[in-house]
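A short worksheet on the structure shown next.
Naming follows writing order (A, B, C and D), and every chain is counted from residue 1.
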Amino acid sequence: MPVSALLPLLPSAAPRLKERVFRIDCELSYEVSAPTDFVFLVHALDDPEQRISGESIAFHSKVPFHVFADPTQGHRFTRVRAEAGRFTLLYRALVRKRPFARDLQAPEHPVHELPDHVLHNLAPTRYCESDHLGRAALQLFGDLPPGHPRVQAIADWIHEHIEYAIGSTGPTTTAREVFVQRAGVCRDFAHLGITFCRALNIPARLAVGYAHFDEPPPDFHAVFEAWLGGRWVLFDPTKMSQVEDLVRIASGRDAKDVAFATLFGPARMLSMNPQIEAVGRLKL
Amino acid sequence: MPVSALLPLLPSAAPRLKERVFRIDCELSYEVSAPTDFVFLVHALDDPEQRISGESIAFHSKVPFHVFADPTQGHRFTRVRAEAGRFTLLYRALVRKRPFARDLQAPEHPVHELPDHVLHNLAPTRYCESDHLGRAALQLFGDLPPGHPRVQAIADWIHEHIEYAIGSTGPTTTAREVFVQRAGVCRDFAHLGITFCRALNIPARLAVGYAHFDEPPPDFHAVFEAWLGGRWVLFDPTKMSQVEDLVRIASGRDAKDVAFATLFGPARMLSMNPQIEAVGRLKL
Amino acid sequence: MPVSALLPLLPSAAPRLKERVFRIDCELSYEVSAPTDFVFLVHALDDPEQRISGESIAFHSKVPFHVFADPTQGHRFTRVRAEAGRFTLLYRALVRKRPFARDLQAPEHPVHELPDHVLHNLAPTRYCESDHLGRAALQLFGDLPPGHPRVQAIADWIHEHIEYAIGSTGPTTTAREVFVQRAGVCRDFAHLGITFCRALNIPARLAVGYAHFDEPPPDFHAVFEAWLGGRWVLFDPTKMSQVEDLVRIASGRDAKDVAFATLFGPARMLSMNPQIEAVGRLKL
Amino acid sequence: MPVSALLPLLPSAAPRLKERVFRIDCELSYEVSAPTDFVFLVHALDDPEQRISGESIAFHSKVPFHVFADPTQGHRFTRVRAEAGRFTLLYRALVRKRPFARDLQAPEHPVHELPDHVLHNLAPTRYCESDHLGRAALQLFGDLPPGHPRVQAIADWIHEHIEYAIGSTGPTTTAREVFVQRAGVCRDFAHLGITFCRALNIPARLAVGYAHFDEPPPDFHAVFEAWLGGRWVLFDPTKMSQVEDLVRIASGRDAKDVAFATLFGPARMLSMNPQIEAVGRLKL
């Protein structure tokens, strides 16, 4: 690792009671055949729910890069222009997560009680055509009592009816297609959850991050959040992860907002290896 | 009616025991702004299940026309070229229908036992993308015991989940879209039934004809047929008609095969009035 | 107009040299059958390019309402909950617009030179599937020299190939469908322009506002903007408006961001009448 | 080859003047994991344009099979039920093809002059949504003089605008999608040609068969036919084959009618090797 020194990832401060600490180690590798612009979204989010104790980003070739934050959500994009050749990104972080107390009685809110800043999470987006799935959502979930259990029922329905099948979907697959073909991967599951929620006037958005799971190869994980009881609540319709342990990178309206890498140029991914490890609940 | 004399529609022969007799009176009217080729499909089918006792076709302007039969199914198309102006077709028929004894225990047949001539009714078509709805069909109906009750369950599911909504679909709407948007009219209901059947390897096709129903304005009706117990069995997922009383015009793979009118030229429908009347079960 | 007094719309200050002044008078009327939440986007944008000299908003029934601004773009949404009955919004404004000097030599910028805040305008959105139209955009416009003339060529191509046909599209129609069917209305034209630009790595977005045109009934207008020469430049592929005279309401990624009205509840539009009138270039 | 003896493929009769003779040798191999029904379409068509001098079909396991002919087109399907295990089909034929004299002045026919039996080749089908591409076809080809050169222009346009890219499409890809994404393989090229023709009221259909080409791996080939000058005329928009040398298997409305293999059961193709060899123009 010749270029930018990776920081030693020692906790900068003693974690608070009941915090969980995770170590992130993410390597992305590309074969670049001509100068290519990358916009990466790999930094763990630094916000009151999860604090970055230390982090570093480095590239396997001496390139200038630039980090900027989304003005409303705060997640951080990294822009970098790679020359032809092999190109590797390395990101490491130590993250302290607050425990999340899930309120199983959290209510839905009528539209007129929603805060201004979540209203746009009711609109259809590229991957989540809630305008097409209105009647289907009402049929499936319209008679359930509103609130956390209804959104949980959405996640459960998806888990039961959508087959987790790597390769069944691609970068243009939308929730409507997933609803029809009944197969997809984690982001498709999440998109369908978002779509059903919005169709029921429940604000919903995508959350992406680092998650640990046993079986599939290491990958970024995508789940969805619904606005319940005055805050965002996570749901994982794949049931592959403990959503409480997701180290969040970003949240957005759908995967177009929060792709982990966007490429402008002829490059091909060689490998991805986003590792996460729980380093224990540090004691006082 | 200046041109071709309409036949007097008297039963040409005494109906057999338990036959039902129907009188068809169908008028279609168009405003034609430049010479337009029409291919009509309005003749009642003449086959062992229903016999034509008498019929006539006429046009409100002196035009040559030409009738030809589909080489495999036998339904009759009428080709006619209309000049600019108002253009009206009048079709009348007297039809004797044999009673259809529905066998509620009729079995499905495994693919290797299907006769050659129904095999093509397993393939997806323009309006019936059974290749997209395979998993959904299996989820909904895959665990039901095969046979007539399963196809009835398909018709019932459609009746319960698809809203009958005039104007909700158009000439390009497919079963996949109807499955998503959960609304349509009779032919959409039928297309979805066909699609589910084919996805389950049950040969299915569209049947169109004259039907009596109370509420909607007079229109041609579309239902679907499934191959059960070695013959075609009708199902009407709209539950608006007595399928046994459908005076069949034609059957085809989907509505593209059996549109009641196909136009080549600038013409606009002014009115359609396909009437059917039961004239009683004639006694010996 | 019983409730909130409409402001007298007199210019609050002498306009600057070469400014154009427009008077907006917009009335939207609905039949509401049960309590319905509306989110309107009718306020003219107040920014350095166009200044609000005076404005008022009022409703034909005594309802509380709430105005909030988009945190990054500044356009103002109005939230209001209407009870059953007739419901009418009246918005008036007097707007001073700075002249816009169009630079016909404005260049495109390579991705690595784009500012952070326009990067997201390269991504596909609900209505603008630039991920599907990449090859088509390259075929049509890839060989043209980059810069303002290329984006003008996009607008010209759309004008030439897409038929302006009211009723040919609906609220779910996307740019991909418009590209296939070759018909649409102003927002479809704009969405297709945005889509081609993004497919060529030119940031693009939708601009909506008040525009004067002769033939179609009064309506909000939608055009598109491309990032050229370091700023947003307007194009109107319908060629129905003078884009320089558009009184902007908002800009967004596509029409989902900037619908003039979003409804949650059973209401039906009775009439819309967004009027704009040039009140002259006030002299010093 | 233990089971059914392959016929010695010697010309059964002296070929007529200018006939071309081709030897077909086609092997298809599958891994079958549970009993699977196959419907193969590999027999060369036996009709006045091409005569079968000798042929044989055999399977690498002792299975009963059944051959039946399409009632209107005459192509022959082979039905066979394979047990679990490796399953191989071998088809060999010797085919004499008449020379096809292409008439570059062949006219299109107005709809009212089309024979009854080609009318259905004007309708949209599963893969050829000519109802969606009407305006596009008119824009691209509507101003060209009708006849053979216009259909050649369609084939040329496709060759120029659609990238031949193996893997860019799949079994559900339609002509509309190919028109948007501008990539596909031979059958996609043919489907788009059919779609444009039908949108212009030129009857068109798919022809599949054995063709020799240099670069891609051996595969069945698909081209399209248009009804010109009172007969079907072949066009290959891929320009990979000499269409005159295509040994036809079948023609159909689109690939759903004439798939070389349709499977009902869990089987996976291991290899396909449809070979064709010109054995010379036999002299008298």
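Here, a residue touches a chain if its C-beta (ideal position, glycine included) is under 8 Å from a C-beta of that chain, and two chains touch if they have at least 3 such contacts.
Since this is a predicted model, take the numbers as computed values, not measurements.
Traced through touching neighbours, the fewest hops from subunit A to subunit D number 2.
The most distant chain from subunit D, with centres taken as the mean of CA atoms, is C. Each of B-D and C-D has its own count of C-beta contacts, and the greater count is at B-D.
Although subunit A and subunit B carry the same sequence, what matters here is overlap: shared residue numbers make up over half of all numbers found at their interface. Each chain gets one centre point, the mean of its Cα atoms, and the points for subunit B and subunit D are 31 Å apart. If you average the CA atoms of subunit C and of subunit D, the two centres end up 50 Å from each other. Counting partner chains per residue, subunit B shows two or more touched chains at residues 132.
Listed by label, the pairs of touching chains are A-B, A-C, B-D, C-D. Residue ranges of subunit C in contact with subunit D, taken from their complex: 132-133, 135-136, 139, 161, 163, 176, 179-183. For subunit A in complex with subunit C, the residues that touch the partner chain are 37, 39, 66, 68, 71-72, 77, 79, 81, 110-112, 116-117, 119-120, 122-126, 129, 131-132, 171-172, 201, 256-257, 262, 264.
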